[in-house]
Amino acid sequence: MITGLHLENLAIRRGERLLFAGLCLDLGASEALALTGANGAGKTSLLRAIAGLIAPHEGCVRFAGAKGDLEPEDARSSGIHLLGHQDGLKSAGTAWDELLFQVRWTGGSEASARAACRLLDLERLLGLEVRKLSAGQRRRLALARLVASPRALWLLDEPMAPLDSERRHLFGHLMGEHLAAGGMIIAAVHDPLPIPVRRLDLVFS
Amino acid sequence: MFQALANPQRFMAFSRWAAPLLAVIAAGLLSWGLWLSFSAPEDYQQGATVRLMFIHVPAAYMAMFCYACLGAASLMGLVFRHVLADAAARACAPLGAGFTALALITGMLWGRPMWGTWWVWDARVTSVLVLFLFYIGYMALQAAIDDETRATRASGILALVGLINLPIVKFSVDWWNTLHQPASVFRKGGPSLPPEFLWPLGVMALAYMALFGALWLVRIRAEVWRKRAQSLALQAAG
Amino acid sequence: MSMTGLDYAKYAIFIWPAVAVTAAVLAWMVTDSLLRARYWQKKVQALEAERARPGAKPAP
Amino acid sequence: MSGLWILFRRELGQTWGRGGGPVLALTFFACVATLLPLAVGASPARLGSVAPGAAWLALALASLLSLERLFERDFEDGTLDLLALGPAPLEAVALAKGLAQWLANGAPLALLAPVVAVALGAGLSLVPMIFISALIGGLGLSFTGGIGAALSLGSRRGGVLIAVIVLPLFAPPVIFGAGVIDAYASGLDWRPALGFLSAYSLAALALGPLAMAAACRNALS
């Protein structure tokens, strides 16, 4: 399990553009970080670099475990949830089938998927095809996978955007529980998160 | 030398005199080769058409040689992620496609008097045609992806896949040829070629090679400048 | 058959087009490469002159 | 391992159900076979001589059809991100996808191939050999084609591009596949051709996932 994240002197390039350089960051267990910054500042790129989808131009990403550093591949294959604008839910599948696949693929079980659906008030929607869900319902379905399969580091890109205030409150509560259990959260946000967080503001270099 | 040239600045300084030098060598070899080609005696079987060999066979060599260069540059680009290797791969493909097209066209013009037909589905011809399609696919892939880094890497992977696949294509086509055309009409040159033919062939092959070297350097220079212009334009905008 | 070998009788129709095609393709490769290089070199020079102009934004 | 099995079953279901599944490719196969007599004439002698080859050509074309969907949808809707962060490396993901593509697309096509060949005038004795060669060759076609599908991710005009990239790569399996049937029909030794075809398919099975994974990583980056 990941108990710490260290970014060392990280620089990321997209095409010809250097988004940022010299980024150093340490995140420990039970800590949350809110990434802010203008559009194009590199919030999504930073999340994807931590997830290993983008190779950093300079510097490195390290994951700490209980007994020293973890292999990045191992840490990523069993310790990271990445939820971006694309949620990977196939619009033709039923909500339950899609969620169950995502949960099992990321290491959860059918029982934990059921429990997550109860928590997020999704039970009535499970028989519907994903394309029939509203944006808010669909986002709740995507969030269910975070709750259902326990992974320490949540990388979230605008997780709250389509949710109404009541659900935001609920999700804030779930994030709080994740942190209390020793998890970590990095979220790219425009609005403040309903939990105590550190802030990192990315500015154009 | 490789290490030294990996630095773009040093490469630019080197290619600044190397490219013209190679061009001069190419021009000299080309004139010599052409003179040799046209003063060579006629072949007792092929007659005057033997002269077509001197411009056709080197083009076919170059078609394969360029692919080897493309594959090597792509491998370096993928492994070391070096800008110059990427530039070299990009610069190589159009030249390779040009030589391959040349080999096909002059091959057709040679085939008509030799075999009495413009096109023969001979093993060698078919392999070169597949090679040509490969170059086209490589350039099409590169052109179709907007992000340049990604396009270069994707086409680099394709070049490596092709490098593994082309010998298989060659083998399969040879095998297919023995199945369908037991007796080859192709009177191949090779060691049995008399020296009066070997000389023009060799000189022309060297001339093509030098020309390719010069043009490759020029095109890599163009790629380096293009990259530089792009980053300058971006700096000016931001 | 003369030593200069320019009387190819019935094969001239194949040999000369082949030579012409070769010349055309090689010439295209040469001009395209040179024009490309010159175009981008000019472009770089123009952009660098722009940047070096007094009062222009300094490079980051 | 169980994660990979789940993925494989899902991919199988997706390939089977996605956009009509194999029905579209099968119909395309039948259409090409129908056009052939219209193009070259219906004389049994002429058709019979090209039937095995034509069946193989149509097979190669038909197996191109569903390739565009192999990675493109997953790439666009974010599934590929999820797959990259799962318990198995992308190479294994590509392997599962390729196998599912083969079973859900290649196998039905292999079942139809003898029917098409017989309709075009091939002898009934060829039926088992056509099925076997199409099934084995289909494995190679799926994995080679998958490389093209992964490489063209994020490009404009995916479908045509895949065809242009992949069809030159299809030369060996088409040669060996049609060669098997040809040799068998004319009473020659067909085992070398079948051996070459199997070797090609196995090589594609082994190397294809590496190239597909590299291409997917490149597209995601």
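Labels for the chains are A, B, C and D, by order of writing; each one numbers its residues from 1.
By our rule, a residue touches a chain if its C-beta (ideal position, glycine included) is under 8 Å from a C-beta of that chain, and two chains touch if they have at least 3 such contacts.
Since the model is a prediction, treat every value here as computed from it, not as a measurement.
Peer 1: Give the chains in contact with both chain B and chain C, ordered by label.
Peer 2: none
Peer 1: Specify the chain pair with the maximum number of C-beta contact pairs.
Peer 2: Top-ranked chain pair by contacting C-beta pairs: B-C.
Peer 1: So, comparing each chain's Cα centre against the centre of all protein Cα atoms, which one is closest?
Peer 2: Central by C-alpha mean position: chain D.
Peer 1: Could you grab the centroid distance between chain A and chain D? Build each centroid from C-alpha atoms only and quote it in angstrom.
Peer 2: Here the centre of chain D sits 37 Å away from the centre of chain A.
Peer 1: Where the CA atoms of chain C average out and where those of chain D average out, how many Å apart are those spots?
Peer 2: 42
Peer 1: Centroid of chain A to centroid of chain C, CA atoms only: how many Å?
Peer 2: Distance between chain centres: 53 Å.
Peer 1: What's the distance between the Cα centroids of chain A and chain B, rounded to whole Å?
Peer 2: 49
Peer 1: Find every residue in chain C that makes contact with two or more other chains and list them.
Peer 2: 60, in rising order.
Peer 1: Find every residue in chain B that makes contact with two or more other chains and list them.
Peer 2: 147, 238
Peer 1: Scan chain D for residues touching two or more other chains and write them down.
Peer 2: In chain D, 221 touch at least two other chains.
Peer 1: Can you name every pair of chains that touch?
Peer 2: Those chain pairs which touch are A-B, A-D, B-C, B-D.
Peer 1: How about chain C: which of its residues touch chain B in the complex?
Peer 2: 1, 3-6, 8-9, 11-12, 14-15, 17-19, 21-22, 25-26, 28-30, 32-34, 36-37, 39-41, 43-44, 47-48, 50-51, 57, 59-60
Peer 1: Which of the residues in chain B come into contact with chain C in the complex?
Peer 2: The contact residues of chain B facing chain C are 38-42, 47-49, 51-52, 55-56, 59, 94-95, 98, 101-102, 105-106, 109-110, 112-113, 211, 215, 218-219, 221-222, 225-226, 228-229, 232-233, 235-236, 238.
Peer 1: Give every residue of chain A touching chain B within the complex, in rising order.
Peer 2: Those residues of chain A that touch chain B are 15-17, 204.
Peer 1: Which chain D residues qualify as touching chain A in the complex?
Peer 2: 3, 6-7, 10, 14, 17, 73-74, 76-89, 217, 220-221
Peer 1: Which residues of chain A touch chain D in the complex?
Peer 2: Chain A reaches chain D through residues 48, 51-55, 73, 76-78, 80-82, 84-92, 101-102, 104-107.
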